[in-house]
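Dropping the structures in below, format is structure tokens.
Both complexes below contain subunit A, partnered by subunit B and then by subunit C.
Showing the complex of A and B:
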């Protein structure tokens, strides 16, 4: 019964989504309040029924109902409870349901927290989100029903892919989807603005917090995913330029551009058309990413074609949403206006450069990701684009971009003076150059790549601090007390500083781990000692241990430095009998300065094993940088102007709108 | 300098940068495309003699040999029609198994041994790397044609 209830609620949600997406739009157009008033109740009803469907699927997993095909394919009675629940999003159907559930959460949030907006604008906003939801719900109901029955029921399930049986599976997908789907709000804001024909400072101020929240989630989601890949895949990489990763990275790049472009729209009433276009692009890339990852098109373009229903639906949906949005953009964008002018050297032009850099980076990633798929679909042969392409192009594009990050925030709006910025940044330049020569020499050998990387990392951090000092100095006469002075600076400013410092930390991590990591593949017998750097690794053998749904060979390594014990590591090789799959579980001793990473290869004769040992200097800085960026976003969100000024301005906007 | 001249200069600089960027990106893109060949194609000499490429198919049953150092391995990749010997140094991925699908990236040496720098075998038991599946499909199709003749 429960699965049928779930399907039934999905169908009800589908109808509510149709109501939410159509009637209110007509209502606003015809000035009919009765129709407009359907928006909020329909959105909330949709939320309730999607939540119910989600709970039903979760219950089927909880209760091991193997008469449900999706449960039977992705779970097993021996699977621990927490992974049974996470298995809800372990496959295609369930992750589509997660997607639409998170869209419902965002829509619900809009109905609750976007109260200050003019009524007609708010109704259009909710209606656009309803239309997005209609497509997704139809896709689930007609092509990817997670509640489909399996008759006769399976005795036991085929188990969740062992790769996914990890705490990362519990957090990574929901957080990532919160980010992906969150861009639907920015998208809806853009579409509503185009329908409305109004796009001004107030619009930017409404949109900014929503976009920032989505961006924070996406940043954290990608960072979680990267850390998960690092410890789970057993070969110590943190980013592979895999199509699945690129799918999440492209919306992040465009989303980052959007955050900066929104800043210009809010402060200077400029970049308006561009901001709208970025909002559309960010969400379009999110949609593309979802389908790339979840439709099976990556596994094989042909497998995709053997299920014509799904393939066609996806293509039509993408064309309707993206094409429709771009068409509306083409028709209405000229009415939006270009906004204030600015000089060649100004904060605006720096932010424009930032946007060009980020858009170019996203474009080059898109090219590398889609080209092989396109060639395959056209029958032009199988090719792949190697990571060296991404490394080379991405670094080349980002180096000038990150250098400009140091100058941009110091430039004045409208018209700035380069010599003045130069004078202010002398100290930062000296610190950065000295570090660029010193740090690589201390780490080992000085290479161009390491020097450039360290220079940029320190440059971003030191210029951010100089920015803060400058800001304090200009206010010093008015507010002599340092604490008061610090307190008086808006949180949004600290948010920006923190996020930029995060980029610096990230760049340092990437540079140092790329330049100075060491790796060894060894054959080790029991009590063999391996020496890497100043560390000695003694292998104490591996013993058999049974887990809840797997058998494990648990190795033991004692790591010493100058005969002092540093760590005891227990890497595992697990065998999951249900899927007949082997899994490597590396063991890591994390550290601020370096990670010690050991994973087991294969058992050889006489208890010997092939073993892989890595030393990963500064690898934690990569994720620490991401966390700082996310924290920066959160600080910016807490800025009081979103709460206090917002109310006043929206009241004015409302009056202006109704007049 | 009038504002108009300034703007013109700026647009010119922008265009030049754009052209340079496009050229660099396409160049890097071209040189990093990795093409895929089936064992039959490699046998026929269609694969590049120098640069690296990918081959795919099944790991031939009974072909996996481990060298005495425990780290070098040799195995054969087959599309059921032809097979190519492959050598690899390092730890094989978890899902690498005889009789299962595999994709390897590397270079052909002068003795016809494929020296792999990377061996890919991912996802679940039933998963077959798309390149491997395509190679076997092509070989089967060729065989059927042969038998019809």
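Showing the complex of A and C:
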């Protein structure tokens, strides 16, 4: 009964989504308040029924109902409860349900927190989100029903892919989806603005916090995923340029561009057309990512089911949603106007450069991701562009972009003076150049890549600090007390500083781990000692241990430095009998300066094992940088301007609209 | 007019991308050409499943077209493929030989007993050594081997009815001529 209830709820949600997506639009168009008023209740009803469906699927997993095909394919009675629940999104059907559930959460949030908007605008916003939801619900109901019965029921399930049986599976997908589905709000804002013909400073101010929230989630989601891959896949990589990773990274790049371009639109009433286009693109790339992953046109370690019927469905949906949005853009954007003019050297043009860099980076990732498909479609054979392409192209594009990050925030709006910026940055330049020579030398050897990387990382951080000092100085005469002075600076400014410093930390992490990691593949017998740097690794053998749903060979390594014990590591090799899969569970001693990473390869004769040992200097900085970026976003969101000014402006806008 | 064209550009680019995506739907990214296709199949001798003491020798297969299907009792996708193999066996057009990969004899026999046996003979590869020679990277995999012992086709993943009809049957007709 419960699965049928779930399916029935989904169907009801589908009808509510149709109502939410159509009647209110007609209502606004015909000025019919009765129809317009359907928007909020329909959206909330949709949320309730999707939530109910989600709970039903969760219950089926909880209760080990193997008469549900999806449960039987992705769970097992021996699977620990927390993974049984995470298995809800462990396969294709459930991931899609998670997608649409999170869309419903965002829609619900819009109905609750976007109250200050002019009525017609808010209704259009909710209706556009309803239309987005209609397509996805139809996709689930018609092609990917998670509640499909399996008759006769399976005795036991085929188990969740052991790769996914990890705490990362509990957090990573929901956070990541909160991010890229969250761009649907910015998308809906853009569409509503194009329909409305309203595209001004107020519009940008409304859109900004929503976009920032989505961006914060996406940043964290990608960082979680990267850390998970790092410890779970057992070869110490943290980013693989896999199609699925790219699918989340492209919206991040465009979303980052969007955050900056929205700032220009809000502050200077410029970049309007471009901002709208970015809003459309960020969400379009999220959808495209979904298509690439779900349709099976690309192979990936993350891809679940592949089915051309499903692929075709999503493709048609993409054409309707993205094609429709871009058509509306082509028709309406020319009337929007370009906004205020600005000088070649100005904050605006710096931000324009930022946008060009980020868009080019996203484009290069898109090209690399689609390239195998393009070549195959053109009959040029099966080829794949791997990390070498991405590393070369992406880095080449980002290097000048990160350099400009140091200059941009110091430039004045409208018209700035290059010599003046230069003078202000002398100190930062000196610090960065000295570090670029010093740090790589201390780490071992000076290479061009390491020097450039360290230069950029330190450059971004030092220019950010100089920016703060400058800001304090200009206010010093008015506010002589330093604490008062610091307090007086808006949180949004600190948010920007923190996020930029995060980029610097990230760049340092990437540079140092790439340049100075060491790796050894060894054959180790019991009580063998391996030496890497000043660390000694003694292998004390592996013993058999039974886990809840797997058998494990648990190794033990004592790590010492100058005969002082540094760590005891227990890497595992697990065998999951239900899927017949072997999993490597590396063990890591994390540290601010370096990670010690040990993973077991294959068992050899007489208790010997092949063993992989890595030393990963500064690898934690990669994720610490991402966390700083996300914190920066959160600080910016807490800026009082959004609470106080927002209310005032929307009241004015409301009056203006009603007048 | 010129301005409107500029604003249409994103839509045009998108539609071109859709064209490629549409075409991509009908291509199979898993169809990786194996380096072994066109090369002689590695020869092997292996114990026969369920017939203690008997050995299967791949060199004895010279002179006939045959299918080598790598499978295992622990492999879920093999169950999916099983009905297709059974249907193939019923037509009698082709001799399918199994290679039971990293498996125990008892479990493998139990599966064949329960679901039916589509194989002429099943050779066993308990430690996966033959699998290494053939470059098996996932089970199931299927090789079409011609009369001279050359691998002509490799299927990674389960054989579906569609692959059977569009790829394997035409190839067999050609090879058996």
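Assume the second predicted complex is superposed on the first by the 643 of 659 C-alpha atoms of A that agree within 3 Å, B and C clash if a C-alpha of one lies under 4 Å from a C-alpha of the other, contacts with A are read in each partner's own complex, and residues count from 1 in each chain.
One rule holds for everything that comes next: a contact is a pair of C-beta atoms (placed from the backbone, for glycine too) under 8 Å apart; a residue touches a chain by one contact, two chains touch by 3 or more.
Bear in mind that the values here come from a model prediction, so they are computed numbers and not experimental data.
**Student:** Putting subunit B and subunit C onto subunit A via the overlay, clash or fit?
**Tutor:** Verdict on subunit A: clash between subunit B and subunit C.
**Student:** So, A:489: does it touch subunit B (first), subunit C (second), both, or neither?
**Tutor:** After superposing on A, A:489 lies clear of both subunit B and subunit C.
**Student:** Thinking of the overlay built on chain A, is A:580 touched by subunit B (first), by subunit C (second), by both, or by neither?
**Tutor:** It touches subunit B and subunit C both.
**Student:** Can A:334 be said to touch subunit B (first), subunit C (second), both, or neither?
**Tutor:** second
**Student:** Looking at the overlay, what does A:532 touch: subunit B (first), subunit C (second), both, or neither?
**Tutor:** Neither partner.
**Student:** Once the structures are superposed on A, label A:465 by its partner contacts, choosing first (subunit B), second (subunit C), both or neither.
**Tutor:** neither
**Student:** Is A:161 in contact with subunit B, with subunit C, with both, or with neither (first, second, both, neither)?
**Tutor:** Touch partner of A:161: subunit B, not subunit C.
**Student:** In the superposed arrangement, which partner chain does A:319 touch: subunit B (first), subunit C (second), both, or neither?
**Tutor:** second
**Student:** Contacts for A:291 in the overlay, against subunit B (first) and subunit C (second): which applies, first, second, both or neither?
**Tutor:** So A:291 only meets subunit C here.
**Student:** Clash-wise, after the superposition, say which stretch of subunit C runs into subunit B: 58-66, 112-120 or 130-138.
**Tutor:** That would be 130-138, the one stretch with clashes.
**Student:** Which subunit A residues are contacted by subunit C in one complex and by subunit B in the other?
**Tutor:** Correct list for subunit A: 299, 376, 382, 579-580.
**Student:** Taking the complex as given, what residues does subunit A use to touch subunit B?
**Tutor:** Per the touch definition, subunit A meets subunit B at residues 161, 234-235, 299-303, 344, 360, 364, 367-368, 371, 376, 381-386, 388-389, 392-393, 396-397, 521-523, 579-584, 599, 601-602, 604, 608, 610, 612.
**Student:** Can you list the subunit A residues touching subunit C in their complex?
**Tutor:** Those residues of subunit A that touch subunit C are 158, 273, 277, 280-281, 284, 291, 295-299, 308, 311-312, 315, 318-319, 322-323, 326-327, 329-330, 333-334, 370, 372-374, 376-377, 382, 577, 579-580.
**Student:** Show which residues of subunit B lie in contact with subunit A when the two form their complex.
**Tutor:** Interface residues on the subunit B side: 6, 10, 21, 24-25, 28-29, 31-36, 54, 66, 69-71, 89-92, 94-95, 123-125, 127, 130-131, 133-134.
**Student:** Which subunit C residues qualify as touching subunit A in the complex?
**Tutor:** 3-4, 7-8, 10-11, 14-15, 17-18, 20-27, 29-33, 72, 74-76, 102
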